[in-house]
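A, B, C, D, E and F label the chains in the order they appear, each numbered from 1.
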Amino acid sequence: MNERFTKGFETIKHYVTTEEAVKMIEADALADIAPDLRKMIIEFAYGDIYSRPGLDAKKRALVVITSVVTQGAAPQTKTHIKRGLHAGLTQTEIVEALLQLVPYIGFPLVQNALTIAQQVFKEEA
Amino acid sequence: MNERFTKGFETIKHYVTTEEAVKMIEADALADIAPDLRKMIIEFAYGDIYSRPGLDAKKRALVVITSVVTQGAAPQTKTHIKRGLHAGLTQTEIVEALLQLVPYIGFPLVQNALTIAQQVFKEEA
Amino acid sequence: MNERFTKGFETIKHYVTTEEAVKMIEADALADIAPDLRKMIIEFAYGDIYSRPGLDAKKRALVVITSVVTQGAAPQTKTHIKRGLHAGLTQTEIVEALLQLVPYIGFPLVQNALTIAQQVFKEEA
Amino acid sequence: MNERFTKGFETIKHYVTTEEAVKMIEADALADIAPDLRKMIIEFAYGDIYSRPGLDAKKRALVVITSVVTQGAAPQTKTHIKRGLHAGLTQTEIVEALLQLVPYIGFPLVQNALTIAQQVFKEEA
Amino acid sequence: MNERFTKGFETIKHYVTTEEAVKMIEADALADIAPDLRKMIIEFAYGDIYSRPGLDAKKRALVVITSVVTQGAAPQTKTHIKRGLHAGLTQTEIVEALLQLVPYIGFPLVQNALTIAQQVFKEEA
Amino acid sequence: MNERFTKGFETIKHYVTTEEAVKMIEADALADIAPDLRKMIIEFAYGDIYSRPGLDAKKRALVVITSVVTQGAAPQTKTHIKRGLHAGLTQTEIVEALLQLVPYIGFPLVQNALTIAQQVFKEEA
């Protein structure tokens, strides 16, 4: 386990529980065909990028939620709304960020994202 | 001038100078073919959406910058990086938000957006 | 209920049955987390935009179907094909509009949309 | 010159002047590297698709304009607004179709398209 | 059955079994509403394009997989990974092509595509 | 200079001349606002991804060209067509890959990409 991996693993705990972080590594669903992908995500996405100074975890989560909603990526929207709540974003902040997107991406994508947010809020309640 | 327009006009001043806000209304470039568009932007985008409570102006600007960069919309990227600086985002926060997007939208779109940010930072210096 | 809402509510009846229009308002699925969204859709989308003169309801429905198909938005494709039929578009016009998109967005998105259209035509028969 | 080409060439004249149609074929800018592309566009896009019955030329033009605007494709937006005017769409119908897209794709893409429309209307006046 | 159809039908057999090719034509799921679509796909996509010289079937399959993954089109990703294996791409080549996309489209779309690839590899084993 | 950087720097020379590789590092246009980006591209994109075994440089270049063309990213299309030629793709292979995309992304994006390819072929001649 190199330094970048350790740093990534520490950083990811701002966005998921320690239990989930361990599970992400131990139960890698793609281990049989792409065993390096999980490592790249921990080392590069979390170790090199998320761990940078200059923007706090809540704002990083807000940026990521906005990007995946704009792309219309439903599974990632669910994942990153959960991580945003764990990083400290309130439900109101998430809902307001989604409504703020209406003039830029239109009603349909925002409606889809709010439906996902509603489901996450229920599951996490 | 109805209540929504007034509210929108007050709100837009968090993102542009008063002079620019006045110019947006008085020198509407599309007035000849779509005279209602400017009114809709002020009343709906700024009056109804940007003015909502629950998320501060800096975070709203961050959300909008992220969305237009994810869409690859160059002219809007320039406009909203400028408005983000006016709303109080630091240059570092903007750069970090763009780098945070690398794992989600790839290097090329982020590189394009950083080139635009660099130009805005020079113009505003 | 303000004037824009009333206008939007009247306009939406060109695209859905009165019963469905009432249900959209009374049974708002997102009322708990985003109670203002439904109001915005009625007032802004239907009251301000759909109700404008200069383009008839059938052509507006054609424009909306084309846009959501081009975006690859499956749930909206279903909704707006239904509304297009209600606005008076024939099944042939809808199928031809989808085939017209092949040279611009490729076969896969068109094939997906035709599969959805086929299902709507069966449900509405 | 086969039947599909002839049919395509006849059909394209609903969207451009005869002079422009001839020029498209005789002055093919990509003839040196992709000499078959122009033929494919005439035979497949215009001969097989645009020439189909069941939707008139104006509605086909409306569908194409909507699709390229939704994709954010600036050069195609210019080309197809010109062809739409030639097919008989009025300036008002084009402007209204663009405004109709605001709730589905947001203000920025619509604003860009209206700026292009404004330029075409001036050139064609 | 014209020459383009015959050529397309021969070409498609590089990507699917003869049995599947026959089934694509005989059991056209969209025959009731768009009977010409299947013919267009065989004649135009396979007869005019896939059958061109200058690029072998494996490389054409690689190009198509890359394009549908970049578009985020899940059903097409499944179809074309299957066809790529049939055309002779190895599982390793497909996995490596998907990982090669990480710096250009980000982790989420690649992860989704790898999950689909994993399922296809199991089904084809 | 760590091992990943060295590996990335060696790998990038399959796609650009040594002179261009050196210039990419020494004349980093974004060094003032995002000094880490260039390093990430060399280490992650080229050191971790492009350098993987299992897919040769020509096929990796083909995958990247296809992805950026599908995204409609004009500046990247130019860059990666150049790199593809340097990696050993022929002009014919590049043109055929672009034509192969017509049934998946439509004529307009392919036409734009062919125009860029034509320009690169002239510059490199």
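To be clear about the criterion, a residue touches a chain if its C-beta (ideal position, glycine included) is under 8 Å from a C-beta of that chain, and two chains touch if they have at least 3 such contacts.
Note that the structure is a prediction, hence the values are computed from the model and not measured.
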{"item": "Steps needed, at minimum, to go from chain C to chain F via contacts", "value": "1"}
{"item": "Chain pair with the higher count of C-beta pairs in contact (B-F, D-E)", "value": "B-F"}
{"item": "Chain of greatest Cα-centre distance to chain C", "value": "F"}
{"item": "Superposition rotation for chain A onto chain E, Cα-based, multiple of 5°", "value": "120"}
{"item": "Candidate from E-F, C-F or B-E with the same interface as A-B, over half of contact pairs in common", "value": "E-F"}
{"item": "Most distant chain from chain B, judged by the mean position of its C-alpha atoms", "value": "E"}
{"item": "Centroid spacing, where centroids are CA-atom means, of chain D and chain F in whole angstrom", "value": "32"}
{"item": "Centroid spacing, where centroids are CA-atom means, of chain A and chain F in whole angstrom", "value": "29"}
{"item": "Numbers and ranges of chain C residues touching at least 2 other chains", "value": "40-41, 44-45, 68, 71-72, 76, 95, 99, 102-105, 107-108"}
{"item": "Residue numbers on chain A that touch chain C, as the complex places them", "value": "72, 91, 95, 98-99, 102, 107-112, 114-115, 117-118, 121"}
{"item": "Chain C partner contacts - residues on chain F that touch it in the complex", "value": "102-108"}
{"item": "Chain B contact footprint on chain A (complex, rising order)", "value": "41, 44-45, 49-50, 52, 54-55, 59-60, 62-64, 66-68, 70-71, 76, 92-93, 95-97, 99-105"}
{"item": "Interfacial residue positions of chain A with respect to chain F in the complex", "value": "40, 44, 48"}
{"item": "Interfacial residue positions of chain F with respect to chain B in the complex", "value": "29-30, 32-34, 36-37, 40-41, 45, 68, 71-73, 75-76"}
